[in-house]
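You will see two complexes here that share chain A, one where it goes with chain B and one where it goes with chain C.
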Partner chain A sequence: MTDFRQIENNLKKEAKRLLEAGEVAVVLAYGRGYDEKHPMPFAAKAIAHVESLVFNEYCNFNMARYLMRYPWGTKIAIAAKAADSRAIIQLVQEEKVRREDLVIMGIPAYGMKNQKTNEVIDSKTTGGLYNPVIYDILLGEEIHGQKIISPYEVLAEYEAMDKEERWAFWKKEFDKCIRCYACRKACPMCYCDPCFIDQNKPRWADKAPQSPGNMMYHLTRFHHLAGRCIDCGECSRACPVDIPLYLFHKKVAKECEEMFGQAAGMKLEDKPALVDFRVEDSDKILE
Partner chain B sequence: MSFEPKILGIACNWCTYTGADLAGTTRLHYPQNLRVVRVMCSSRINPSFIFRAFQLGADGVLVGGCHPGDCHYNTGNLYARRRLAVTKKILEFAGLEPGRFRVEWISASEGNKFAEVVQEFTAQIKELGPQQKLKIEQLQEKA
Partner chain C sequence: MLKKISINKISELAAALMDKGLLLAPVKEISGYNFVEIKDPKQVDLDFHNTIASPKAAFFPHKEDFIKYETGKPIDTASVVALNLPPAFLFGARPCDVKSFEIMDIHFNASGIVDPFWKQRRETAVIFGYAFDLEKPAQPEEFYQTLGIGAADPEGSDVFMVKKGGDLLLNSVTPKGEKILAELKVLNEGKAADKKYYEEYIKKGKEYKTRSMCLEPGAITKKLEDLFYNTDFWTRVSSACISCGVCTFVCPTCYCFDICDDTLFAQGIRRRVWDACMFTDFTLEASGHNPRTHVYQRLRQKINHKYSYHVRKYGVISCVGCGRCTKHCPVNIDIYSLIEDAMKA
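== the complex of A and B ==
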């Protein structure tokens, strides 16, 4: 198991050091919630706040979500697990944040758990990674020798389904949607203002939480995140009605990786797959 | 009465639309099920257009653009190719029949190809039958 206590102590130590030295204006990490099982995203802005920082197996929020609240030039320290670090890279690629504004505190972690179901989420998210892709400071020891779970393993069952069966499955799932937009709010890549679903002209979809509008909202959202989704699984964890959104995102990510030969958020110098092209792309991808 | 599908055609102004024009002036016959919408470039096509067309009752969607490398705006259709490939994969994974959405590169001089593609695609959609999955339910009752 990852030594969560050690990471927590290191997190406090580093946060204190950075704030004291004035190197950063804010530390984005996890704070105490109403019990141990419910930590909260937390922005420490003063040394007095540092004591409230925590880290345990339920700290699975993607803190990259909160980076865009601060204007360019604000120095930010951010706690980032494997998937979170990919989100940061993706945001840097999209020029929403600048690398030089960030101090990335990498957290190698496995054995993270879902707050609601208590199950270990490593197989569902993290994209098969345990160590952050990019970091300035590492808060724990790098993890080696753990079983690497292929991020796309969970898809096999759904890919094998007949199309009618798959349609019935997704129809049932999307019919549950209450359109609270928690998935959009939790997603580090959903930053459009206004979101296409909030537009009135043109009105892309019905706003009532009913089948056709839900389908339109989710399919378009999957499309907008194609080649950008970094597989943190926050959307499905944030969902109050437990729609397995991560499955569809994974499928699209897999197809993008196969077609365009790059995974989202792995290299700072890449461009997001859909705002880039290669002359030698094959027409086969359209079949 | 036999099933007459409604097919949305989205055609690029410089190649496919002109190709369709050529098919007309050379008096080629092709099915009248296609309703063509002209856009300035295939990369103008927002994927939501396609999802929305299916919701509003299209049985098939045919997108036409210039051949890769021939785009009037140099690179438009190269972006569109990637984007529409993703659209296709999404529709497929959601459970829609993959044959209902098709992208074809048709240049301004290929009136013949345009007629052929439309014939072929219409026949294919006729075989697949009416599209009921994404169609909005109120519309289904009226039909």
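== the complex of A and C ==
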């Protein structure tokens, strides 16, 4: 793997070139934060901003989340690791973003770390991929030969639980929720405006952080992301109380993949599984 | 009055306090420490730096029921939820968090409008402040020194606690604190050496280093007023912000709330629930108009409220430098760097 320092240099070089040539109006990547361990999502709009770009093992934000802030036609360069590239594809499929507006700067990487716990997040909360699925420029060499771990491997413990145990597990986890909505705000696929939970006519759930409302919010969000979650794990990392949201998302993603034979955000020409109808689609859900 | 107890026997102290009322103390949860109502004295764990959420919920709960009613029934059938509070003990609050109660008092008690819920909770509570461990360095996000708060300031606490090796020294700061210390039989008398240690610790706390800059309230207020229409500045500093509510919910001095009517079938409850100025619907008006549709406007509001409007109106900055907003921000927006940036802009 190309080391992070080298990737950072390549990122700066490419960002500078693209901005200088006027090929893009903005470069979405990572910038300096208050220390090394805490970089920030950053939008470089001028050559002077390029020096602030960084890349290290803590740059795990999904930059695709920021794409929809810019109107169609804005040329955007975006730094994309494996999961981010899937988010881009999914957003293109959902017609939220146009492929021709983007210059995707792919970053092949493993060994990315959770800022809070320092644990390596490969495969646990990213899709088990190391190379971006789609890119225009590559900022490091493609990774081959690194051990591939199924993104669903972490589900073993969860799947061993029976229905009652799972219900109890989620009830306990959702009791921790403080309803700050960091999960939906960090999610590149959560772009509904307004989100159902913010509507007040009808009002779908209490605003108070208590069991029925928390349950309503999370279960609805989980299902709304069925076949759309690209497994970047940002929701779980954004959560201040560490609710393992990724477990549910992975479980649904796994079932979707089994039923419809496609994972979210893998091919530009796919349609989102739950939007597409095919005669040969699985009826398992009705059984 | 100075008392002491071995830290190993902290659960005995916890049990003694539980006999007298509610005990809120730090407990280790999966994601970190938090103040919770103690059910089992063994839960109390003082081996923490600071909690995830601030202890403001002890006086200003995330949700508070006011009125119960039945839909379709006449208004006189509705009942006000009575607040019959037992004495409460907030155990182990850090000096910066204790300072925040003083700021919150302005809004809920001292500025003319009295919130009976806040007032009652404050009056029934005994605060056991707890000095930061001066042997250990400050966390990178903290900056209470900037706001003139020491790591071992006893002001605001009723009883102030300091760690001395394997012992916990407890000193009374107010008559309320003195009364409770006299009643607690599990405590031992402090010796002259303990008294000396305690006093030196308080002094040393003033010098404890966190991130620090020279911040004169009048100067930052003026600066932020001048910057208000500088959209380029606000857009730049808010470019990463995702408009979630983490910063405001963990903040010890954020006090915005929403009044909601939650009904289930015919049973209704009118309650107060925390709200966050970072949410898009915070300023959404009944007409559908929203004066703050952009992220930069919301972040600008938050910073100005704390460092400008609050100073203009009440003379103090509404921030205690605990650094929780920075620590828990999913995109690492740092309020300290932002203020530094503003001063330079």
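Keep this in mind: the second predicted complex is superposed on the first by the 283 of 287 C-alpha atoms of A that agree within 3 Å, B and C clash if a C-alpha of one lies under 4 Å from a C-alpha of the other, contacts with A are read in each partner's own complex, and residues count from 1 in each chain.
The rule is short, and it goes like this: contacts are C-beta pairs under 8 Å (C-beta built on N, C-alpha and C of every residue); 3 or more make two chains touch, one makes a residue touch a chain.
Every value quoted in this text rests on a predicted model; they were computed, and no experiment measured them.
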Chain A as common anchor, with chain B and chain C clashing or fitting: fit
Touching partner for A:Lys251 - first (chain B), second (chain C), both, neither: first
Touching partner for A:Phe61 - first (chain B), second (chain C), both, neither: second
From chain A, separation angle of chain B and chain C (C-alpha centres, steps of 10 degrees): 90
Partner chain in contact with A:Lys207 - chain B first, chain C second, else both or neither: second
Which of chain B and chain C A:Leu274 touches, first, second, both or neither: first
Touched partner set for A:Asn118, first chain B, second chain C, both or neither: neither
First, second, both or neither for A:Met259, with chain B first and chain C second: first
Superposition-derived minimum Cα distance between chain C and chain B (Å): 8
Residues of chain A that lie at the interface with chain B and also at the interface with chain C: none
Contact set on chain A toward chain B in their complex: 158, 163-171, 196, 204-205, 211-212, 215-216, 219-220, 222-223, 226-227, 248, 251-252, 255-256, 259-260, 273-279, 281, 283, 285-286
Chain A partner contacts - residues on chain C that touch it in the complex: 29-31, 52-53, 62-63, 140-141, 239-240, 242-246, 249-250, 258, 260, 262, 271, 273, 275-276, 279-281, 326, 328, 330-334, 336-337
In the complex with chain A, residue positions of chain B that touch it: 47-48, 51-52, 55, 68-69, 75, 78-79, 81-97, 103, 105, 133-134, 136-137
Footprint of chain C on chain A - complex, ascending: 31, 33-35, 38-43, 61, 65, 115, 176, 178-182, 184-186, 193-194, 198, 206-210, 234, 237-238, 240-242
